[in-house]
Each structure stands twice: as C-alpha cells, then as structure tokens.
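Order of writing sets the chain letters: A, B, C and D. Residues in each chain are counted from 1.
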Amino acid sequence: MGNTFGVLFRVTTWGESHGPAVGVVVDGCPPGIPLKEEDIQAELERRRPGRSGTSPRKEPDRVKILSGVYEGLTTGTPISLLVWNEDVDSTPYEELSEVFRPGHADYSYHAKYGIRDPRGGGRASARETVGRVAAGAVAKKVLEREGIGVFAFTLELGGVRCQRIDLAFARENWLYCPDPDALPLMEERLKEIQAEGDSVGGIVEVRVRGCPAGLGEPVFDKLDADLAKALMSIGAVKGVEVGSGFASARMLGSEHNDPLGPRGFESNNAGGILGGISTGQEIILRVAIKPIPSIRKPQRTVDLKGNPRRVEIRGRHDPSAIPRIVPVCEAMTRLVILDHLLRQRALKGPP
Amino acid sequence: MGNTFGVLFRVTTWGESHGPAVGVVVDGCPPGIPLKEEDIQAELERRRPGRSGTSPRKEPDRVKILSGVYEGLTTGTPISLLVWNEDVDSTPYEELSEVFRPGHADYSYHAKYGIRDPRGGGRASARETVGRVAAGAVAKKVLEREGIGVFAFTLELGGVRCQRIDLAFARENWLYCPDPDALPLMEERLKEIQAEGDSVGGIVEVRVRGCPAGLGEPVFDKLDADLAKALMSIGAVKGVEVGSGFASARMLGSEHNDPLGPRGFESNNAGGILGGISTGQEIILRVAIKPIPSIRKPQRTVDLKGNPRRVEIRGRHDPSAIPRIVPVCEAMTRLVILDHLLRQRALKGPP
Amino acid sequence: MGNTFGVLFRVTTWGESHGPAVGVVVDGCPPGIPLKEEDIQAELERRRPGRSGTSPRKEPDRVKILSGVYEGLTTGTPISLLVWNEDVDSTPYEELSEVFRPGHADYSYHAKYGIRDPRGGGRASARETVGRVAAGAVAKKVLEREGIGVFAFTLELGGVRCQRIDLAFARENWLYCPDPDALPLMEERLKEIQAEGDSVGGIVEVRVRGCPAGLGEPVFDKLDADLAKALMSIGAVKGVEVGSGFASARMLGSEHNDPLGPRGFESNNAGGILGGISTGQEIILRVAIKPIPSIRKPQRTVDLKGNPRRVEIRGRHDPSAIPRIVPVCEAMTRLVILDHLLRQRALKGPP
Amino acid sequence: MGNTFGVLFRVTTWGESHGPAVGVVVDGCPPGIPLKEEDIQAELERRRPGRSGTSPRKEPDRVKILSGVYEGLTTGTPISLLVWNEDVDSTPYEELSEVFRPGHADYSYHAKYGIRDPRGGGRASARETVGRVAAGAVAKKVLEREGIGVFAFTLELGGVRCQRIDLAFARENWLYCPDPDALPLMEERLKEIQAEGDSVGGIVEVRVRGCPAGLGEPVFDKLDADLAKALMSIGAVKGVEVGSGFASARMLGSEHNDPLGPRGFESNNAGGILGGISTGQEIILRVAIKPIPSIRKPQRTVDLKGNPRRVEIRGRHDPSAIPRIVPVCEAMTRLVILDHLLRQRALKGPP
C-alpha cells in the first residue's frame, strides 16, 4: 500500500536499496510524447551520488525503458522504468540488522511489518527516489510542451542562507546553491561537519513557472495540499510551506493579501495558490530537510530485544541529504502539477 | 473532484456557505460504534462563531444524522450528516460578485470554473469545514475506543507566542490558548487588530496521544505526508511541519536524531514519525495560519473585466481564522489517523 | 466503504429504506451545465413504484438540490441531492428482524457487520437506487450535450421474450417493453405470478448511442469491465453480457469477428467495444435479473440463533424487479460512460 | 490509466507483447508470506503456450522477483515481478500495422491514442496476462493460508458442454476440462476448427471454496460487481454470470431463493453472494469467451486510410483462448477475493 501516487498521472515505485533493482511504472502518460532513455538519464544524473562532494560510491544508474514507448514516442500505455542495483555491498549492514539506528526508519518499519530488509535501508533508503526522479523526468517532458518549468534550489544549508537567487547559477553547481557568495560558505560548512562525523539539514525552495491558473481541486485535493503531501513524502522532509508560509503567522491581513491590478497580482504572498487553486503566478514552496541520520559519531540505541546498544555507522556518508534531495523535490512537484493539469483538462478541455 | 478524503475511512463534504445546507457523507465507519447527534454537535459547537470574540452571527448548526445509525449504533453503512444554513443574508455579497477580493479564492475559482457562487465565499467559505468537523466527530468516537486522543491549541496568535503548554487550560478558553499568561495578551492583540479593521495569523499545534507504532504507508502515503495534505487542505493554512520541523534545517544530525533507550525514545525531534510510520511517541504537528483575508481596510483589486477597483469588505468579520480553525485541525488529524489505523488493521489485524 | 463510484465523475450514495432520507453526492460534474430539480425528478418518476402494476405504496420522491448549482447552472462543486423517506411504515419488518429472509441480503449483512437496520431492507433495499438514478440524471444532462443517449428496455420478462425492438414504444409503457405484441403477454404473466404470491426474473437490454470511439482504459478499467461492475452492482442482477455475450461461446471466429468496410463496422457482435475501448458503434449490454426475493409463499429459513423458521413476507410486493430496475440500468450506464468520457478528455482533450 | 487493480491488494501490470519485457508490481501484500520464484513460475506454466495443443511458440517465461521479498519472505513492500520477452519475431506484424484486424483492438486503440505498438498486439496482447497470473500467484500464497481455494475449468468449448465436474481431472489435462467424456470431443472439435483456419469460443467456470461470509462492500464495490469487472477485464470475455446467472431470468422467486436450514443454505442459486456480500457458500461464476479473433481465413477490413483491404493472419494460432484463459480467470478471482478479505479485516479484524 501507499506506493502509488497521483489520480490521472499515476506513478508506482518499487525496489529496495540492496535488492536486484529499483524502478517505477508510470501510468497515464499522454500518447505521442517523445521519450528517450537519455531524457530520464539526465535527471537521474542530477540526483546521483558521486557528484563532487557527495558520497563516492559509484552508482551508474543506467535506466531502461521496458514498455510504453514505441519508435521513440509514448503510446499511452504504462511506461516501466528500471535501474539495476549494481554497486551493492551489504556487509556493513549485517551488524546493523539487530539494532535500530536513531533517526532512521528501522524502528517504525519493524513495528509495522515485523520484518524488514535491513540492507542499505531497504525500502526506506534514499535509493527509492530513483523511481520518483525517473517518473518526474517523464512528467517533465509533458510539462515542457505546456511551457511549465519546475526548478528547485538550496535556499539554506547548515545554517548558511542564500541572500540572492540566481537560478542559472543554481543549476550549474553541485549544491544547487543559487547564491555565488553563499556557495563557498556552504562547502566549507559541509567539510567541517563531515570532519566531525556529523550531518546538517537545510531548506530547499521549489518554484513553478508557467503554470496556468485553475489547477487544483477544492476542497481536499487542493493544489497546495497535494504538493504538501508530495514533498512531505520525501524522506528527511520535516516541513512544507507555500508562499509566505510560516511567516504568514506574524503578518497582518493588509500586508498578506496580494492586491490585484490591471496587470495581475502585485505581490505573491499566496505563493501562486489561492483557495487551493493556482492563480497563474509563480508557485513558491519551501521544504525543511532534517540532517541526514547516518552519522559516524557514536549514538545510543537499543537492539531488537530492547537492550541498550551503542551504534557507530561506518562507511563514508553524505553530510547532508541536500543536494541529492533537490531533484527529488522537482520530480515530486512535477508529478503533482501534471496530475492536476490532466484533471483540469478533464473538466474543461486543454487549458 | 477532490471533495473526498481517505482510503478506508472516506469522507465526502458538500455545500456552499449560502446554499440550503452543508454536509458530509462518512463511508467506512466500523459498525457497532455508539453515535448520537449530540456527539457531533459538541464538536460543531467548538468551531462555531458566536463564541466569545468571534463573529456575532448566530449560526445554530444543528446537525442531523440521516443514515448509517440504527438504534444508536453505527451499522457500517454511510453516515450522512446535514446542517441547514439558517442565517443566510446574501445581500452584502451582491456587490462583491463582480470583483476579486484579495487573498480570497474568487480569482482562482473564476479561472478554474468560469462560474462561481459568490455568496459568502460559496464552496470556498470556512463554512465548508462544518462537514469536516462533523466527520471528525465520528472519527473521534472510533479513536477514543482505541485510546487515541487528538488535541490542538493555539501556539501563537498575532505575534503572541505561548511559553508553556497546559492542555487542560487550552480546552477551556475560547482561543484554545494553552498559556494562561499569553491569553490576555492574545485577546488584547485581537481587539487592537479588529479596531484597525485588519486581521492576523498564527500557529496551531496538534498533538496525537496514544497512537500505536506502525501507522503510515511507505512511500507516498506516509503518515506525515497524509497529515500534511490533510492540514494544508484547510483554507488559510500556509505551512505544516512535523516534530522539530523547519528548525531541523539548522540542527546537526547528532542533535536531531532521537536516541533510543530501554524505555523507548529519549527525545522527540521526529514528532512521533520516522520513515513516514508512527513510532508510538506523541505525534506533534504545527500549522501556519495566514491572516484571514476579509478585512475592513480598503484594498486594491480588479473586477471581472480587469478594471481597477477598490474594495471594502463590510460586515463584522473575525480578526483571525484562529480559534475557529483549531477544531478543524483536530478533525483532519483524526481522519488521517483513523484511516491509517484501518489500513494497518487490514495488514496485520487489529493493533 | 464501497459507496462511491467513478474516478472523475464520482458518485457517493447514502441512506436506508426506512431512515429519514436517501441521497447522493455527485462530485466532478463539469461547471456550467443547466440543472433543475425537475430534470432529476423526471428520472426518479421512471423508477418509482406506484406506476401501473408496481407496488401501490405512494412514494413521492421529491428530490432537493442542496448544493453545487447556482442560478440554474452547475458550478463544478459537489451536487448534493436528497429525497426524504415519507412513506415509512416499519411495523411489518419488526417480526422479520429476527430471521434471515431467503434470497435477501439479511444473512450476509449480518455476517459482515454483526448489526443491521432490518427495516425495509435498510441499505440493501431497492430504495438505495434513488441516489443512483438521481446521479444518473445529472450525468444525462452532460451526456446529452455530447449527443450521447442511453436507453434500456425489458428484453424478457417471466419467460416472455421480445421479438422486435421499438425503442419509442418501450419508453411509453410501464414495463419498458419494446415489443407491442409481447407487452400484453408480459402483463398477463405478471398477474398470474402475483396471484400465486410468487415473483419472476427477466433480462434488461441497454444501448448507448452516439458514444465516440476511444472511451475505456486498458487493461483493468476497460469500458466493458467498468460497465459490468456498474450493472452487477445493482441488486438482483446475476449476469452481464456485451454484444453477442454468452452466445459468443458457440460462435466461430469467422462468424464473430465484425468485418470493417469503408462505412465502418458491418456487424456488431462486439457490442461496440473492442479491447475494452469503444469503437463508435452502438454499445449493447444485457443484464440478467433474478426474481425479486420478497414473495408471499411460505419459505424455510432460520432465525439469528440458527433455529428453523417459516417465513411469509406480508404486504403487497412487486412481482418483478423489472420495470423498476430499467432506469437504474440506464443510470449506472450513464455514470460509466461519462466517467470515461472525462478520463479520455484528460488524455486527449475534448473528443 | 487503468493499469492498476484493487484497493488494498493493488496490482499494476505493464508491458507490450514485443517490447523488452512484461511485468507487474504487487503492492499491499501482507508481510511474512513465504514466496519463491517457483511459486509464481508454477502458475505461469499453467497459462503458457507450448503446452499440448496450444501454439508452438516456445515462451520460457522465467519470472524474476525484483523486490519485496527478503530471505524468502514478503516484507510488506511492493513486489516487482518481471518476465523478459525472449521469443519475439515482429516480422509478421509489419504488414499488419497498416490494417485493422477484425475482432482485435487495433481500431479502438488507434481511435483512443492515435498511436500504437502493432507488434503482437502490443499492450492488447494476451501476453499482458502474464502480469495478472504472476500477481495471482502471490495472492494464492496468501489465500492458501486462509484456507481459500480458487479453481477454474472449461465448462464448454466449441459447443461441447461438460456433463460432470471432476475438479481433480480438470487440473490434469491441458484443456482444464472437468469431464473425462467431454475431453476427447473438445480435442476433436479443436482439431477440426484449426484445420479450417477458424477459431471457437467457450465458457469457463470459476469456483471459490473456503471463502468466509462477509466479504464484499455494498453498494458499488459488491463482491460480485468487483468479480464481474475483474473477469470482464480479461480480453475475449463477453459475459459474466454469478450462480444461476442468466438462467435466473426464467426462474420463479420460489425456485430461485435458496432456503436456509440449520446446516446453512440448502441450495446455491445465489452463487455464494447475497446483496453483494459472500455468504460462506461456494462462490460460482461463469465467463463467456469469444472465439479468438486471429484466424487464417481471409477477412474483410480497412486500412488506416479507410480503404478496403483483405487480411489473412499468418503463423500458427491457437484455435481458442481457452485453455490459456483459465489460469487468468483464477488469477483475477484471487485478486478480488484477497482485496476484499483485506478490506473486511480493516473493518472487523481478521475473520
């Protein structure tokens, strides 16, 4: 249960970190969309470790299209995408199979299923997001034809906050940092943290441009509600906000309400969504990322029988889920926007 | 579309603010649960205006059970609940039907449907939450038998933040404020704001006690993901966070990870959820509420033809969506917890 | 669970036979469709008892539109329809609450829920179909604009089979019999049966005209699969077939395959559906209706404790579910066709 | 859209006949169920061609478990099953890509998508059922632990009807024929038909034993309604009936109603389902199978431009969808029964 997302553009992911493969089935993609493995590969490259500064495991992640595409075009039937798990060494996990790592899903999976694949986090591994990003790459192809672009970047990392937003710059550095001045500070902070065997969190911002007004379904399937679910469903995410978000709590109505003029909205505290429906403005979301729980520092925990244990997680780990989570935020946002675009089409015809 | 929530405990709301009635159909309630109209009425009283300080419109909100209950017990068939709209004066809305009120859903509904019921906000009115709260009251009856309690309170209002949390106190004052020292400051702030014809936002905190470990479905239907959707689907909500939430972004892994000892978790930065599955700890959520958009102060906007207009919203309006939104947050949280409780039962039998 | 039907055009029915009311919430109706209570009333009249030959209980069935319509047009928000149960005498059911009536759902509801509303069959009553027919009337308004017509008639009743199909004639007689020669034979047969305190079954045929090619989703949500579910979900239905149906089992491929010529298909054994997708031909379905289980003749059964009992069901009952089931077959067919029309629109834009 | 089946036990199939592979993702399987590739392979063997009398293409169909199983036990996470398409010769289909084969889905797919993979029927190929049967094998493992058995057999083939039902015999012959006297007649009939370059239909009967009372959700998700959908969703199926089915149409209520005695129901015209809920009796379904549309005999059709064409389908084809469809009927029935078993557990705990 729970491994499918979307109403009309439906994505089902599967696979464990150290099983034979991970993958995704994309159902509901409109027919006639050009789609090549390279389109998907390009997005997978953006999330993979081995990019500068992230964990050195090589993870080639070659995606295979197994169905749904004929002579380079989608056919409207399910698109099955698969990535083999090639670099799998489960040895370091053997000793972890008997303890609950703090901050990990070990304890809750055990409570839920009474059984789990402990190798590499199993289903709860960040590797699960390969399927999400692959599906997001399909959605991207459809959204591009509608002129809709989704961009995410690292607004804050380890306490270093960006002061300006240069999207072009963000896309070209390995931390997806939009502020040239903040980038070296972030890199320095990550180095310190890694040296200490610790980790840090941060904030990712997501922007949607070119989204037509009218997407989102009142009252439960509001566009922001579905986006909140999509983003909160990513491991390590602890908060989601739209537009002025938590800052709204301290604003006055006269400050927060976005006035309308003949050229449209004159501000964007709403973050592009009013009453759960897009306004045609830029959609703005921010996502709080907790520090990655795998740290070298020794931690107190218990084993399966409840006995106190001390755990030190070996191997070289990323000091932050950022930047790998940035493309996942983009992917999930794309899934929601496309799903609602199709829903709106059902109602009114193509926008 | 979008007016149904839940997978196994399914709630469908309907109704416009100034139509004949509002209501909800609750499908999937287990049979044999004692349920009276008074049980639901008690929850509706907690959200209704006319309580001290909120808008003086009398709104009796007498709920009727139209189906699904026989001789005081639920039968497992759909429970239809209806509340007539008795205090309906649509006159003040006539002049508003031609303009888009800033901060309201007028513009986006118009963009989506090309038609809308402008009276009292129509479907986008806060009155829609009557159905949610009524459904939540049904969920409450089921959850109580499982020893699960959901409590929400006003953590912050108009910039006044509570310094201590006394849940018993919170339940007895009209602002659901848990801090006896903060209450008079909040009341004072609201008076000022109302005198200025303006409005303020705030933060609501929701806690779930007695929730068993194991609820939540990886990977998309995570418990926190579904809670985020549920809470973000409430009008005026601009952000949702779990446990340490946005503060996690500035924490170290060694600080954020909750250690486990023989008596369980020793802290709760996770907010009771790891890997999207409940841990058995208290679940803690916070919700950012924007200032209510209906303000007396004049605002710039446009009419349906795009001509600039100046709008002053008459009548006496609440200066904040809080406290009316507090019971709605409780209701939505209950819907999610119960739905996942039933899903988990399907997997493993009753917890 | 299970009281909602459809993916994009979603219908949720509620209500027990002898509760305060029955009703339906229709979610996903496109905006801007003219809709009056009379439109729905006209369809309800077609299913109601008290028409010649059916049971004489007066059952005014005045429908109320409670939401989703503003100034005579649908707004895209949920349409709540309600019919009060006015003619409710539960006395005859008191003695039946302790026994399982043969052929009724008493036994299985008891096994499922451990509790049931025995009055008038409760949720398992044919009265539940009021909500279906009301929802079907809304669907009809949308389908008419697309030039799609759904017509059902009584192909066979109590062993009397129609030899010719005159749809205009069918709509004007109380048995929905399309064959003027068969009508008096059917009426005679019903009289005999009623005199004997027994009941009979029959076959209803449904035809859909003007349905565009391309509706239906492979592989599980095939158009015929969804139609089969829709029709089989009607009480008393024991079989559903498409096109040549069960007769196909004895045909040769060279007989059954419908040849294509320049003017389209030259026969219609497929019943208008190939590979689960409409071909643009007339869609043809047939539905087997069992004899209504409420009969005056004494029957053997057991009570709640398993003791043998003899039951005689008093009151005057219809000798057949036909003709009341004919409009329900039309309604369910309309729900499926419209739902798939909207799904197809999401994929390709309006047909 | 439409490639996922089930509410709690959710099955998503993918793959084209002549693409790289076909497969299925099974979500919602309870954890702790022993599952090996051989369990699934055994079911796939039952549906594969190359068994005596069916088409001689060798089709090894070696299934791979790619996720959801750890150390031989299901973990509760999605089970991904894949079968490579090894014996793929698309040459004979090239000439068919420009014409609509009568009785095939060519025309309707073209109308729906405007594009299709013509090789081997693409998504509309019987090969799609590999995924269904593989998923059904997983369901079988769960159902066996509950003592629920599903058996299908060939009741009628090419006009030869079985006069007695020997389930043990049925499982051991290649036609799944339960009547030792009928088997040689069926084989003879098939030989004749094949010699003529034609094909025949038949009737498959499905029985469910050990199903507890109480499964099925009124009013739309009735057990028989979901079974009807499941079975009608199989290619070549033109009708579904339950219990006495279409014969009910000519029965009297006093004949059709199954009396209850102290030892339970005394007959089974209901086919084990009353009011859409299982009664605990054997569930009996019958499915009408049309003659397979691929025949050698020349047929009239048109090409993509509407020009008249004559088509002769080369290669050696099965003269009937039976017996390959028998295991598919079992698989689909299992999916429905298990899904409803889990739904009922959510309501009441394990039966």
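The rule we apply is simple: a residue touches a chain if its C-beta (ideal position, glycine included) is under 8 Å from a C-beta of that chain, and two chains touch if they have at least 3 such contacts.
These numbers come from a predicted model, not from an experiment.
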Query = Out of curiosity, which chains are bumping into both subunit A and subunit B?
reply = C, D
Request  = Count the C-beta pairs in contact for A-C and for C-D, then report the pair with the higher count.
outcome  = C-D
Message = What's the farthest chain from subunit A if centres are computed as the mean of the Cα atoms?
response = C
Ask   = So how far apart, in whole Å, are subunit B and subunit C when each is placed at the average of its C-alpha atoms?
value = 38
Interchain centroid distance [CA atoms averaged], subunit A/subunit C, Å = 46
Task = Determine the centre-to-centre distance between subunit C and subunit D, using the mean Cα coordinates as centres, and give it in whole Å.
result = 27
Task = Would you pick out the residues of subunit A that each touch at least 2 other chains?
result = 1-4, 8, 13, 28, 31, 76-77, 112, 114, 123, 218, 343, 347-348
Touch list for subunit C against partner subunit A, complex = 7-8, 28, 30-31, 76-77, 218, 342-343, 345-350
Query = Okay, in this complex, where on subunit D does subunit C touch?
reply = 1-5, 13, 100, 102-105, 107-109, 111-114, 123-124, 128, 156, 158-159, 193, 198-203, 213-222, 224-233, 235, 238-262, 266, 269-271, 273-280, 288-295, 297, 299-302, 306-308, 343-344, 347-348
Message = Show me the residue ranges of subunit A that touch subunit D in the complex, using the header's touch definition.
response = 1-4, 8, 10, 12-16, 19-23, 25, 27-28, 31-32, 64, 66-68, 70, 73, 75-80, 82, 112-117, 122-123
